[in-house]
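Next up is a structure, given as structure tokens.
Chain IDs A, B, C and D follow the sequence of writing; residue 1 opens each chain.
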Amino acid sequence: MTTLLIIIFIITLFYSAISGRMFTLINLLMIQGFLLFGVALIELRELNLLNLILILLETLIFKAILVPFLLKRTIRQNNIKREVEPYMSGINSLLIVSVLIVLSFILTFSLQDTFHKIIYFTAAFSAINTGLFLIMSRKKIITHLIGYIILENGIVLLSFSVGNEMPMIVNAGILLDILVSVLLFGFFLSKIKDISKDFEITKLSKLKD
Amino acid sequence: MIGVILILICALFFPGIIVFVKSRVTGRKGPGFFQPMKDIWRLLKKGNVYSKTSTIIFRLASPVYFASVIMAMLLLPMGDSPGIISFRGDFIFFAYALSLGKFFMIIGAMDTGSSFEGMGASREALYSMLIEPAFFILMASFGMLTGYSSFYEIYNSLYFDSSLTIFTGLLAVYVLIQIVMIENSRMPYDDPKTHLELTMVHEVMVLDNSGFDLGIIQFTSALKFVVFGSLMANFFITPEMPLWLSILVFIAVQIFFAALVGLLESFRARHKLRDNNQAILTLTPISILVFFSILLIITNQF
Amino acid sequence: MVILVFILCSFLLFIVPNKLKPYFNILLIVALVAWSSFYAIQVLLSGVSFSEILPVTFWGHSIELIIDPLSAFFICVINFTVLTGSLFSIEYMKMYGHKSSIELSIHYFSFFILHLSMILVTMIHQGIAFLVVWELMAVSSFMLVIFENEKCSVLRAGINYLIQMHIGALFLISAFILLHLKTGSFDFEALKLYFSQNVNIPIFLLFFVGFGIKAGFMPFHTWLPHAHPAAPTHVSAVMSGVMIKLGIYGILRVTMFLQADLLWIGVVVLLISLLSGVGGVACAIIQHDLKKLLAYHSIENIGIIGIGMGIGIIGIALQFPVVAFLGFAGCLLHVLNHSLFKSLLFYGSGIVYMKTHTRNIEYLGGLIKKIPLTALLFLIASLAICGLPPFNGFVSEFLIYNGIIDGLAGQEIWIKVLMLISLAGLVLIGGLAIFCFTKAFSVVFLGNSRKSDISFITEAKWYTTAPLVIIALCILFIGLFPQIAILPVSFVVNSQFANIMTSPEAYGNLPLIQNVGIAGMVFIGIILLILVLRMVITRHAPKEYADTWGCAYNGRIVNGQYTASSFAENFSTIAQPILNQKTNYKPIDREDIFPKQRGFETESEDMVEQKIYSKFIRSVNWIFSKMAIIQTGNTQHYILYAFLMIILLLILTVLTII
Amino acid sequence: MILAYFILTIITVLLVLLKHKVVHYIAMSVFTIGQLLLNVYLGMGGKPGFEDYFKVDSLGLIFLTLLSVVSITTIIQSFIYLSKRKDSIAHKSYYFASMVVFIASMSGVFISDHIGVMWIFAETTSLSIALLIYHERTSEAIEATWKYIFVSTIGLSFSFIGILLLDISISGVNASMFTFSELQGLFINTQNILMLQLSFLLIVIGFSVKMGVFPLHTVCIDAHSVAPSPVSAMVSTSLMNVGFVAIFRFFTLLSHSPVAGWMSHVLIILGGVSILVAAIYMVKVKNIKRLIAYSSVENMGLVALAIGVGGIAWFAAIFHLIIHTLVKSGIFYQIGQIIRFYKTKKVYYLGKYFSVNPIGAVVIILAFIMLSGIPPSGFFFSEFMLFSAMFKGDYIVIAVIVMLLLCFIIYTIAKYFFKILFGNINPDLLEKGEKISKWETIPQLILLLGALYISIAPPPFLSELIQDALITLPK
């Protein structure tokens, strides 16, 4: 069952590569949130109750509902142009994302770690790579945020595969940090508004040598 | 002590012979042998005219020049009697004493503040700088040949048996002649009788001297001729020669040298000023040639 | 313990009011001079080396001050010149009245620290402490050089100087590290163990380059012609008189322990010093700035000292004790002589600068009429530097000449040829020095003043010219009584260079030197005799004063005089390819009806600096500007760099390259 | 004890947010006293509480003391800095609040033993610094802050992936707690080398944003050039120490494993490249603060090189950092004074500072001597040890290149510093500058003289402290 969910997770990565509009990206985020919630529900049954609730809280509430809602609100408020202006065409980005996913397959096989399921690793690494690729290839700063959250989803997937070594406080701390960073991004987005109305990254490059 | 007296005597008649030979060659009767000396004697008693811009340096220049040549004279041996002062490496003192005299002549000339004397001074400084290596390499190679480094010991232990040694001796004499011609700025390098200041070297430096100073300078140039002449004469004087024979040989060499200078001057035209540099510079390779021939003598593979 | 007291009370300089600062500074320096030379003279006389352990421990090692004969000799040289420097600075610093009190106190403080660090450099044998004091000397002299910091050329020269000193120190650091790797200790004595076991040349070359940059040998000399004109006079006198010699001290200290392949080292040292001797004086001839001219002459004299050292090393290599003795004795005596006449020359140029506020000799002239005593002293010093007989320069060059001539008796042919080349080089240096100093002396002091108005100039104060007169007397004393001057030098050479078999001939040349002294006295006697003769003969002869003969032009010739560049012109045409003298003059083109005012000016850059150093730095700057693409300001690029770095390192690890 | 400390920080943050001038003074002084107490208590060997998350070893103690020294002077300088600016009271309270959180999270990193806890504190440092960089409310400030937070969170997520991989690679061995002290000996015979290499790689690249080493140093430079000078002093000294401590702890963790040789090569490459980058840009940069930021990058490159080279270079690395922290913070305060006087950061308009403020100029000269590694400065000895270690480990070629680059760097620093001190600019720029009070330079002088004292006569307890920070490393 979890492998099915993870495969859907990888499919959402493909779709994120070719999505042209901001709202499809945010919906993909929502789907990923639910998928993670499902994986967590099935995978981490033997955890103590409090830890489990914390993780479920984090994946469901935070990733599936709160962040997409915040992003949509900022887009509507600052009436940012809806298109995602990538540097390259959809096809090229799709090719690159698939190459990245193949690379993460090769990486996991070369790590020959027998203790953990390989599928977790590949999904985690491919999510991390696609997150990075999204950041590097899109002009809009909002897509940078979305790319960062996809990266975070990859990390959460990786931490599931670690199982339950991480004590509860540490998980709480990590979730807190991610939440605060997203809040800060939101706060500074409003500040960036007066520099570049439609949040172009190219406007943010005055400080150079 | 004999050397000094002999040099002073020869200096008296040396310029006379040069003038006599030059006039005889051009068919003139020419003045007596001691005419230049009479002129110098007349100058010594005359008054001096000093230029307003010149200072004590100018007054010091000609006496120091004269003293440096006398100092050089004291160092020279004569046959088997060494010079008044002779020690290991005294030819270094000989050369540097002469250059001290030239140093003072140059700054004396510059003291008058005239452009002509400046020209002469800078040319004199350049030419003296170019010929010094030649003299040193010559004396050093003879020092290497004999194993000593003072005039007296070098000349004592010199003996010319094989043809190569004679050849190197003649080459050395040729180099010494050229050095004297440059030192006194005689014909091939500078024409003493020319009146065009722009092309003169030594004469234009002493332009502003008068009276006693001019007299000393003319006497020193004669003295310098004889000093270098005695350097050449010592080649021909072998230690076992009796005294009277060595004196005769010495005077004969001086007379022959004076005549040679006279002949050279009457048949040679003056170099262009720019070519002077190369002409003088050729002396150093010749002395290096002397050095290598002596090298061959020592390793006796000739 | 005394040194800590010195350092503490040198901090008092910051509190002393401006008026008393120079005197307090002299007090400090006199105290240090007294303390250090008391021990140094004791060592020189008794021969037993003095050592004292400093209470403060430094990185775990306790610092030990050892004064052996070589360092005692150098301490005396340092003390004498620094003393005269501080005396000279009293009047000279009055020119800088406008400076703030903190600048003045920094100046005096770093002057004292320079003196202290120079003394300590000769005393410390422990590697790390030696390096610390070595670079302390560089920093304090840097602070002194940039004293007149309102001019940007002074700042550039100072920074250039500091960086070159640092590069020299890096050479020394790597040399000491290599020494430490093989022998486990940083001391100079460990060199003996090191040299006995492994190849001598590489570590000697490191030491030679490190000390050579400080000494100013030709290929690494580029800081010298910039730093000396920038520094105030008494500083540049101390720097070029003494601080350069510590480079020579370092090289001597290393050569003492050399055991293997001495011949090649001697040849290398000889060739480099010949290059720097001839090159230094050739560049000096076409200089217009008096201090820059003197700086190039420091390079030339370092070349002569180096030739003496090279001859000494070759003498040891070929087992010629006499040649070795003559070489090293000539080298050490020339160190003393050069510190004397070079500081005198710098003080003379300082007085000229103080009175006329310009160093460009084209504007000067006729100063002897206004400041005759300084002119006379400058003349004595320039005679001494050209090595002319009655003065001290001749004595040390005489020793080196004898060393070369005795060296001519070497077995192999190529050694004889090498000796011939060094003989010719030394003679050429002497001839060029005469050419250069006749120009310098006559253009600055003789004739009429070319551009600057010198009517109101008066002689410097008595307490400024007093040290100068003392130095001139010492120059004359060494020239006329060399056998006394040679005593400490021969003692140092015989005790330090133990492998020179102290053979009887080595002591044989003491009477040899005496003859030079006697000859000098006879020479002066003859000059006096002729002067008296002239006075007697021309007693009644009339004396008139008229204008210089001007080929029918009877006005006073002022700018008709021979200038410095025209004096040096016929030499620079010969040496054109080496000196690359540039003349910038815009010719009047044909259709220019009313040509504007034109100026003719020749200026010369330093060939070595131009061709090697500036070209290297320009190319590195060009490469750097091409490589500066990282900081583009775009966030995506920054993340891309991290991503690419991970991929790159992963590939390297997989291919097991790392 | 740690709990008391964090409660203190929360209280001070709340107090400071009350937007009242006097409250700021009281709160901040209480916080500094608390910080000092914590430091002294831990120095005396006190137990920090929460045994399995926090443990004080000598490495942490060294950098904690450095942090408290620098934070005291920073807070003093911040009061002076803020008193001169015309910001609103709310603005000032945000500044102090984020400063307190910043200092607390940094001390958290130094004393934390659990890897996850350390990562959390590292993450809070980068978040808490956002408001500090943004203090001057200019458009460059926004750009620099956005870049800094974004890139540092991504960098830290890289290192978090590395930590997870590390955790996975030891999951077979049943380690009770995922802390540095427990994991110390576990990696001696791990077979899965590629996993270890990948995790170390990600950790080093991730923390390079904190330590200011090659790949992610770029955002540090922007943050420095925009932040107020007390903040940039804090960033370039203690924040870079945080990066160093993190990387050094992982280095000691894996130093016994078969991957040790590879690790030192990676660090040498990163260190060398960051020195090269610093040299390239120092020649080109025109802004005085960016110049000093690049000099921090260069020093951190040297330290990374020293970790990689090993042997005596480890001692040199820590010694270098101690001197660097004291000197760099002193310089930044002085640069802040200069910028306040000349009202610009472009070096072209700075000059004649010696006549304006002699004592400040003496500080600059002292700082130059310390920075350039000329003997009285500690850098001379640390570089000496570094080079001897490199000569021993036959990295001679790299040593020569580094020496050359250092010469270039010293040349540029000298050129800029002495242009500021003595360069001549048009005089009317000088008159309208505000009067500088002598007392401001006192803390800088104390810092520099402290650094001078440590470099000339290193106190024995300091070298013992450094020695036993290196016990766990292979001899």
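Quick note on the criterion: contacts are C-beta pairs under 8 Å (C-beta built on N, C-alpha and C of every residue); 3 or more make two chains touch, one makes a residue touch a chain.
Since the model is a prediction, treat every value here as computed from it, not as a measurement.
S.K.: Can you name the chain that lies farthest from subunit C, using the mean of each chain's Cα atoms as its centre?
M.R.: Taking each chain's C-alpha mean as its centre, the farthest from subunit C is A.
S.K.: In terms of C-beta pairs in contact, which of A-D and B-C ranks higher?
M.R.: B-C
S.K.: Once you find the CA centre of subunit A and the CA centre of subunit B, what distance in Å lies between them?
M.R.: Once rounded, the distance between the two centres reads 101 Å.
S.K.: Round to the nearest whole Å and give the separation of the Cα centres of subunit A and subunit D.
M.R.: The computed centroid separation for subunit A versus subunit D comes out at 31 Å.
S.K.: Could you give the separation in Å between the centres of subunit B and subunit D, each centre being the mean of its C-alpha atoms?
M.R.: A distance of 79 Å separates the two centres.
S.K.: So what's the Cα centroid distance for subunit B and subunit C, whole Å?
M.R.: So the centre of subunit B lies 36 Å away from the centre of subunit C.
S.K.: Going by the contact rule already set, what residues in subunit D reach two or more other chains?
M.R.: Counting only residues that touch two or more other chains, subunit D contributes 146-147, 150, 154, 194, 198, 221-222, 281, 284.
S.K.: So which bits of subunit C are touching at least two other chains?
M.R.: In subunit C, 628, 631, 633, 635, 639 touch at least two other chains.
S.K.: Any chance you could list the residues of subunit A touching two or more other chains?
M.R.: Those would be 132, 135, 144, 204-207, 209.
S.K.: Can you name every chain pair that touches?
M.R.: Pairwise, the chains that meet the contact rule are A-C, A-D, B-C, C-D.
S.K.: Where on subunit A does subunit C make contact in their complex?
M.R.: My answer: residues 132, 135-137, 144, 201-202, 204-209.
S.K.: Applying the document's contact rule, which stretches of subunit C touch subunit D when the two form their complex?
M.R.: 56-59, 100, 102-103, 106, 128, 131-136, 138-139, 143, 146, 149-150, 152, 155, 158-159, 162-163, 166-167, 170, 173-174, 177-178, 180-181, 620-621, 624-625, 627-628, 630-631, 633, 635, 638-639, 641-642, 645-646, 649-650, 653, 658
S.K.: Show me the residue ranges of subunit A that touch subunit D in the complex, using the header's touch definition.
M.R.: For subunit A paired with subunit D, touching residues are 107, 110-113, 115-116, 128, 132, 135, 141, 144, 148, 151-152, 155, 158-159, 161-163, 165-167, 169-170, 173-174, 176-177, 180-181, 184-185, 188, 191-192, 194-195, 204-207, 209.
S.K.: Which part of subunit C faces subunit A closely enough to touch in the complex?
M.R.: Interface residues on the subunit C side: 628, 631-636, 639-640, 643.
S.K.: Taking the touch rule as given, give the residues of subunit C at its contact with subunit B in the complex, in rising order.
M.R.: 365-366, 368-369, 372, 379, 383, 386-390, 394, 398, 401-402, 404-406, 408-409, 413, 416, 420, 423-424, 427-428, 430-432, 434-435, 437-439, 441-443, 446-448, 509, 512, 515-516, 518-519, 522-523, 526-527, 529-531, 534, 537-538, 541-551, 556-557, 560-562, 566-571, 574
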